[in-house]
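Submitted below is the structure of interest, expressed as structure tokens.
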Amino acid sequence: MTGNTSETAALDGAALPQQDIRRVRSNPDFWYPVAWSRELRRGKAIGVRYAGQPIVVVRPDAGAIFALDDVCPHRQIPLSKGEVCGDFVRCAYHGLKYSRRGQCFSPGMKLEKEPPRLRTWPCREKDGLIFVFMGDLEKSDSVPLPDFPRARDPHYRTRRFGKVVQCHYSFMHENLMDMNHQVLHSRLVGSMKPRFLGMERGKDFVEARYTFARTAGRQPLSEALIYGQRRKDGRDFAYRDVMTIRTQYPYQTLRIETEGIDEPVMELWIAYVPQDREEFINRVFGLLSIRRLKIPFLLDLAWPLLIAFTERVFTEDREIVELEQQAWREQDGDRNQEVFPVIMALRQLLIQNGMPSQKDVG
Amino acid sequence: MTGNTSETAALDGAALPQQDIRRVRSNPDFWYPVAWSRELRRGKAIGVRYAGQPIVVVRPDAGAIFALDDVCPHRQIPLSKGEVCGDFVRCAYHGLKYSRRGQCFSPGMKLEKEPPRLRTWPCREKDGLIFVFMGDLEKSDSVPLPDFPRARDPHYRTRRFGKVVQCHYSFMHENLMDMNHQVLHSRLVGSMKPRFLGMERGKDFVEARYTFARTAGRQPLSEALIYGQRRKDGRDFAYRDVMTIRTQYPYQTLRIETEGIDEPVMELWIAYVPQDREEFINRVFGLLSIRRLKIPFLLDLAWPLLIAFTERVFTEDREIVELEQQAWREQDGDRNQEVFPVIMALRQLLIQNGMPSQKDVG
Amino acid sequence: MTGNTSETAALDGAALPQQDIRRVRSNPDFWYPVAWSRELRRGKAIGVRYAGQPIVVVRPDAGAIFALDDVCPHRQIPLSKGEVCGDFVRCAYHGLKYSRRGQCFSPGMKLEKEPPRLRTWPCREKDGLIFVFMGDLEKSDSVPLPDFPRARDPHYRTRRFGKVVQCHYSFMHENLMDMNHQVLHSRLVGSMKPRFLGMERGKDFVEARYTFARTAGRQPLSEALIYGQRRKDGRDFAYRDVMTIRTQYPYQTLRIETEGIDEPVMELWIAYVPQDREEFINRVFGLLSIRRLKIPFLLDLAWPLLIAFTERVFTEDREIVELEQQAWREQDGDRNQEVFPVIMALRQLLIQNGMPSQKDVG
């Protein structure tokens, strides 16, 4: 948290890069999740993408997973269409086999020259997620993997979720960070009035804090299960609960803390992984950890309800960010008139930590 | 009807603008229908298009409808995805509200600067149609709304119909105006021979008159209901009925008159409203008024039959004009070898009253 | 078979044209099949394509078929959407009729100038296939139609098959010619080891010979029906059967001969006809002739099984060549690292006998 500025720090508009934020490419010098561990069974391969680059992740018959370019150099067939044989992945077409080091073996083919070695990518598995590192390979050892202590904490129950969303990852960051969009979820959560408590920012993060007051409508049961039962003072959890949202580039977290309990009642970690070359499609990987209640198993009983609730909130958010992306396309660029200091700081962060688009570099 | 020329007036080919008629944009200085009144219930908003411009038409809880740009200036979400609250339309995302004058109210958002006022568009409702005026706003008061006296005439029954057709509006005008395409409908109407009676043209209209002789096949019942029963002289309604088709820019009408009856047996008013920016998709709004027969309720009894008949004629026409548009695309421009003077006059009219495409202007 | 070189002839890499093979257009100076005879009943017309050119083939009420441009010059509607009237094809829209010589007749239309004559194309029918010649018309008489004696031979049963495949025709030639892709079909045929016996090549052909050894798995029944029953020596049909694959531009054949039988047990003739202008879609026309067995009717009994087997092999091949085309698109050009001399010779053949793409000519 070096280089913080207070929330009242003026945003220097003149310093803002003259870039369309929706063209800013994600910075590859980070560990990005590309699949859930459960998607890749032993002896299988899976084809995934990061920013248009096809990668095959292989779980060999024994040992750790590995990742290669998902293209057989011979005829360009994705290796993920083939099969895993022992510690090799075999191309579906002519049967060329590749090792975890990308070396080619070509049984039964009289090749005059060998196809070159395939590119390999650093690949790690942690807490049910498979990560790859697609940037400067020398940095892969020094850049830390994200950590999810709550996923291993028996006081929490963790849900893994995610969908493919047809928009630039920046819309996702803005959506979660800007709590002034409660009207979007009013059918699900009733009428909520956010109160912005302040912002912190640094070179590689922006953090905003809010509290909420219920202005109308009944508290949904699923919400009560997270925050505890409805307050009798009629002002709900205003002044009691604080929501903290943080973009620590390139990831995002959301934490809810309530009075009188030391640990957060809820923690969310989320990553938006660009799928296509233009980065107009992202795959979401989210871990949502909810603190278990004092009555044992109550959270487990309520779990299906909670899943349905978060699914519906997520669906509404997805629809709105996809509408934003469509508008961007139709208007041929970013026409946002953003005025909320938190979002203006967030946009600056994403631009400064991301990669300029080739169009802008031109 | 100033500046008429007789039907024998030579078409000065040299004077024809060197423009691809399928690239001519519609002239916005007219009232265009954008929706049926029945599509927009009280307290609701609807998103429509004119030539690629998204418009939200709002029917507030009380009072007349109004039209705004269908884009919230804040984040570009279509306002038509939101809700109507009293006399305001509210954006689905952050809840910004806009009045019928386009003023923004932003409850619950601490905005440092206000989003600018939204553009408003003249919007009127008449005879079940909602019209907007998207051109030079100073002209909106002097340009008259189309009028449909037959729709209010108890001697007629009027059907409102329309579909989206995937072609430039000029194909629609040509299709209705050129009665030499009876072969297209021969399965429905039998073999009909058109006889061209003459043409009138002016600065802003082209009008053609035809009569028809049945050369083979039986008269369909639905046709008999419009024209009266089959003639016994074996020559059907040749020499008795006259069909007049008129493009009065930008609308089109068709009128059938028959001997011995003062008022037309049928009148059609139709508008083709470009939906997309390129104007290769149009939405049809048609009012078809048929004179009630002497036997009361006979037309009402036959109504479902008549609807099925006109639907099928319309479907055949739609298929053929969409094939024309496809051919235009494939051949990368207009390759028509038009020889019929009426259609040549009509093309000239549409070019001279329309707007040059940006491509041609370039 | 002039200008043959032995299989050991060095491929002069330097002499290889610097062309992307997937952009090489097919040479139109050949007879290409465009439809099966059974698709075109008497008194009907059918719309087909060769390399993006739309053609209508007409089977008039009497006499031989004929082929015209599938575009009415008046309004560009495909004539194949119309009807056949006697010896004419009539446009669906305005009823203009065209003769087999492309002359226009316009009943009922008062045209001031006639539309020009339509282009006609040489068109022949043979052994259940309809061919057109779209190249230099002076060559159409001297260029021979392909011949299929097996299709008329009572000792063989012939299957006609074909599908539309979303790839450049060159991928199809390579797929059939390169027998090193047995791994692709291993689920269907078990584990087969190809042994390359040699290659011949000339100005307009490449021919490769293989034999096979079964290395694992059981011989499928359908295969046994073609080759005869399983050998007891455990080495299957290695050293006994020879498969000869030949691209005689622009067609391809495959022949299987076995020891002790004079005539081939199987013969395949196949053509890949580009459908679109870019030639990234081809329609396959294949004739597969299988020698009848000594026990009468046994082949007929096994026929459905044989069809299912070849369908599944064809489906696997189609999937893989479509993946190759997708990779070509994504990588924006040919990145193949081909090392097999047969395929290198084949690529050279297809480039030298095909037409340079307009892009490369630039």
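Before moving on, here are some points about what is shown:
Order of writing sets the labels: A, B and C. Residues in every chain begin at 1.
Here is the rule we go by: a contact is a pair of C-beta atoms (placed from the backbone, for glycine too) under 8 Å apart; a residue touches a chain by one contact, two chains touch by 3 or more.
Protein identities per chain, from UniProt: A, B, C = Toluene-4-sulfonate monooxygenase system iron-sulfur subunit TsaM1.
Just so it is clear, the structure is predicted and the values come from calculations on it, not from any experiment.
Two copies of one sequence, chain B and chain C, touch each other mainly through non-matching residues, since under half of the numbers at the interface are common to both. Overlaying the C-alpha trace of chain A on that of chain C calls for a turn of 120°, given as a multiple of 5. Centre-to-centre separation between chain B and chain C, using Cα means, comes to 48 Å. Shown for chain C are the residues that touch two or more other chains, of which there are none. Residue ranges of chain A in contact with chain B, taken from their complex: 178, 180-184, 193-194, 196, 320, 323-324, 327-328, 330-331, 335-341. Within the complex formed with chain B, the residues of chain C that make contact are 54, 71, 73-78, 81, 90-95, 108-113, 115-116.
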